[in-house]
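These notes concern the structure reproduced below.
Chain lettering (A, B and C) follows the sequence in which the chains are written, and residue indices restart at 1 in each chain.
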Amino acid sequence: MMATTLRKLVGTKSAGSWLITLTMYGLALCWLYPIGWMVMASLKPTPDIYTTGLFGGQLSLGNYDFLLSSATRLHRPFLGALGVSFGVTTAVTVSVLVTSAFIAYALARIAFPLRERFRDFLLLQMVVPTMMLTLPMFVLIKQLGLINSYGALIFPSMMSGWGIFTLSQSFKGLPEDYIDAAKLDRARLWHIVLNIMVPLNKSIIAIVALFTFTGTWDNFMWPLIVISDVDKMPLSVLLATFSKHYGDYVGPVMAGAVLQTLPLVLLFVLFRRHFLQGMSLTLK
Amino acid sequence: MALRAIRSLWLAGSIILLTGCSGGHKRSPPDAQVIKLWVGPNEAEESFWKVAVAQWNASGQGLPVSFTTIPTSGNSEETVLSALVAQTEPDVSTNIFSGFAMQLANLKQLEPLSSMPGYVDLVERRHMTKLMLNWQMNGNVYAIPLYSNPALIWWRADVLAKYANHQIPRTYEDVYQLSERYAAAEHHYGFRVFAGRSWEDRWFDFIAFYYAASNGRAYIENGKATYDNAAGLKVAVFMDRMYKQGWTAADFDAGDPLVSGMTAGAVHGPWDLGTFQRLYPGTMKNIVIGPIIADMGPEAHRATFADSKGIVIFRSSKVKQEAFAFISWVLGNEQLNLLWLQKTGMMPARDDLLRNPVFTDFFDTHPEARVYATYVDVATPPALNENTIDIQKVMTQELVGPLVYRTKAPQAALDDAAAQTDKILRIHQ
Amino acid sequence: MRESIGRISEVQIGALLALSYLLFSAVFWAYPFIWLTILSFSDWRFFGAPSFSGLHNLLVVLRDPDFWGGLWNVIRFFSIYFPIAFAGSLGFAFGLKHIGHGKAFIALCFLLANISSGVAFSLVFTKLFSSTGPINNFVFSCFGFRIPWMSDPTLAMLAIALVVAWKFIGYYGLIIYSGLQTIPRDLYDAALLDNTPPFKRLLRITLPMINAQLIMVMVFTILVSFGIFTEPYLITGGGPLGRTNTPLMVIYETAFRRLQPGHAAMMSVIVATASYVLIRIARKLMERDVKLA
């Protein structure tokens, strides 16, 4: 069994093809190198980081210890910031998913007046570069008295035009029969959305969820502008400013980087199948 | 035509928005029973203020004070600005340098302290008359310096013994000779010229040397750059020569050069005394401290740069008079000044450090600190202009950087930098 | 087919849902637009009320050397980033096509870079590129010198471009790959029958057929060039000597350090317009309506 598979593999490829295959695998591993280095560096004491090989040196959780104790010593509450990041990101992601699902269903399947205008509006929004709205958004938040509050991080992102559009494209593709059947059973709207549309569009929902989560979790410029209180900062900003002042403490900085990346990597690995499927769907 | 349309849109929009503007901020009713104080975000300062505030509160002389460190994650100026924009600022803040005070004053966010009752008395009591000249903005004083740290040069005594006959270099020629000998003998560098790539590092190279060469003359006057004068040229030529001859390096990222012996000398402030004592006691024994180099007689008392930060009262405060009473008390109390010196190693901003018997013991037991105290009277803070960062960025990009990387001649670099600085100052009037 | 829930019809619910988003957009999208316009023509420093200043902000911005420096840096960044990202993603897409097994694994490795934290990896790469870091150690042991990534202006820009390319090549590559998948086999078969050499096949068949995807990648690279903030802010801080200062960083500093939101707003408008115009031009030049005969 093994032998035939091997023979099949070897036999069907030319030398050039093997080269390409090896190169691709090699590149894939190269792409993983910075991640691997980051994890290993976070487990080594700072003086050892540049002097030992990738997997060498004494491994310990000392850097993480340092980070957690720097809450009191250096006024940098890493654990608190992690909590803020989680709270804010989860709130935004849930909000975006729920609102996008319902509004996407409306856009895809309900013939409400000016529906096409609405779709055009969504497209227009996606074309306009949002970076120029950062500054006026700050002024708006200031007017609402929300500067230095969690609201400033959550409210502007609670709905997403991209999310609505992407989900509606996917919802459109679903055959009418499923919904007709549900309607025959006198199903409510929210029942249709939650129990039919969502389960049948898992991949695209995973994509929207993943991108929203990543975008919010790793958002840097906006929280940098809007939050100045160390206790309310998300991890992205706290880590960045910690690095600016304590950049020489390479070990703890890498430990912080691992904390910042870990949830994203975990989500990615958990939902990788959905993600891959969804990618080829959005790229149509 | 288009402009008029824009104008009407603007008018309509602002009317809508201004109604939102004033009602926008949700500031909780100010607690008129407490003075809120922000202090510098480091352990040493915090430990000082703990004692000082506790004493004041216990004595019951005035309103109680409650303090926290500036809740910054790195850039305390940005944090203060953010607080002002969000209207969550305290009553009093320390850690304000002169350029920043100027910016805040121009934004009308500070209370002029010079018109507070008791100001004149405080300045006299604390022997600050000469120092305050550097903090005058438009005839008023908006920030009173807490401390004034001169920048001086540390030399390795063992290197000087071998290559300079135990003489501390004081002129450019001295440094050239030392560098030549040290470089030739041990493949090292004579002196660390370039203090760093960041704008604030200019305080510890070009600006310090310029002050020494020009006897404390300002490098920005009346909104124009003045450092492309004879003094500036001397400094630029010095830097250029050091790099041309290979007697100094562009960066010393790998470890402190005085400790490793890579250079014989480097510019340091008094806060490093404590740090080095803690981290590199062996090296510290070998350090002698000298003035900033300049072409002057060996006995001349050279000016230098002062890393100096002060205390301000915000205009929005409801307890201005009481806050000033507290500031007066803290700054004027000699025992507290001594405590500051002991806890932070930084020189209190007063002229009489060496005359005043309160400090004698301390300076007797800390001879290096005494050298610093000697220069407090000629240490000059950064130029009084709110565009400090832009000015020093231009210095980095057009003057010091090109000299370090040898892409411009000294006069050309100076001319470029001055022209660019003038341009920026004109634009940001 | 009208389904009623209580006394509200389905159409009404649909309209309400759409309305809710429109309301949200009115507050968080349209209103900031109005502020953007107002700020661009006002003199304001965050305190007090804005005052109309006509085209003053425009004049100030056009005379600001930092602003022009930022725009020039976009061009420098794009000229380094685009070839790397474009060639890299094409290579990735073609390479992926050749792989029999393990497509998913390879794609995931590359995508992991995309989905991970830009903040974290800017810091990681700063350490990797440092003069005593692993990359320089390796180069030193092989060639005997160290690459001064952070002190040379071009190398610093290259460093940032490499980090951003590392992040996006997988994503761009998958876009192109999905385009490659849609090319019908018969086209290649016909070309093979005609004995068309591989390079000509590439030029005449493959590239035109994935024109839409190539345009998409180009648009993304232009948007990235104009919009990066996190990577240069964290890796080089805009240095050395301001040569990696991006427009977004200049806007940030102008608004929040110099406290000139009016100038910053005008800068935002100019930069956004420039980016939009560039994208229009690029599409005009590159877009081809490819139809199968």
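Keep this in mind: a contact is a pair of C-beta atoms (placed from the backbone, for glycine too) under 8 Å apart; a residue touches a chain by one contact, two chains touch by 3 or more.
Every value quoted in this text rests on a predicted model; they were computed, and no experiment measured them.
Centroid distances from subunit C, each centroid being the mean of CA atoms, peak for B.
Interface comparison, A-C versus A-B: the pair with the greater number of contacting C-beta pairs is A-C.
One inter-chain figure worth recording: subunit B and subunit C are separated by 39 Å, centre to centre, where each centre is the mean of the chain's CA atoms. One simple way to say how far apart two chains are is to compare their mean CA positions; for subunit A and subunit C this gives 17 Å.
Centre-to-centre spacing of subunit A and subunit B amounts to 42 Å, using the average Cα coordinate of each chain. Residue positions 142, 244 of subunit A each touch two or more of the other chains. Multi-chain contact residues of subunit B (touching two or more other chains) are listed as 17, 21, 78, 82, 85. Looking at subunit C, residues 34-35, 46, 130, 132, 237, 256 sit in touch with two or more other chains.
Residues of subunit B that touch subunit C in their complex: 3, 6-7, 9-11, 13-14, 17-18, 21, 77-78, 81-82, 84-85, 103, 107-109, 197-198, 250-251, 253-254, 387, 389-390, 393, 396-397, 401, 420, 423-424, 427-428.
Subunit B meets subunit A in the complex at residues 17, 20-21, 24-26, 41, 69, 71-75, 78-79, 82-83, 85-86, 88.
Taken in their complex, subunit A has these residues touching subunit B: 75-76, 142-145, 147-148, 228-231, 233, 237-238, 241-242, 244-245. Every residue of subunit C that touches subunit B in the complex is listed here, in rising order: 34-35, 37-38, 41-42, 45-47, 49-50, 52, 54-55, 60, 63-66, 130-132, 151, 237, 239-242, 256-260.
Remark: subunit C residues 1, 3, 5, 10-15, 17-18, 20-22, 24-25, 27-29, 31-36, 39, 46, 92, 95-96, 98-102, 104-113, 115-121, 123-128, 130, 132-134, 137, 166, 170, 174-175, 178-179, 181, 213, 223, 226-227, 229-230, 233-234, 237, 248, 251-252, 255-256, 261, 264-265, 268-269, 271-272, 275-276 touch subunit A in the complex.
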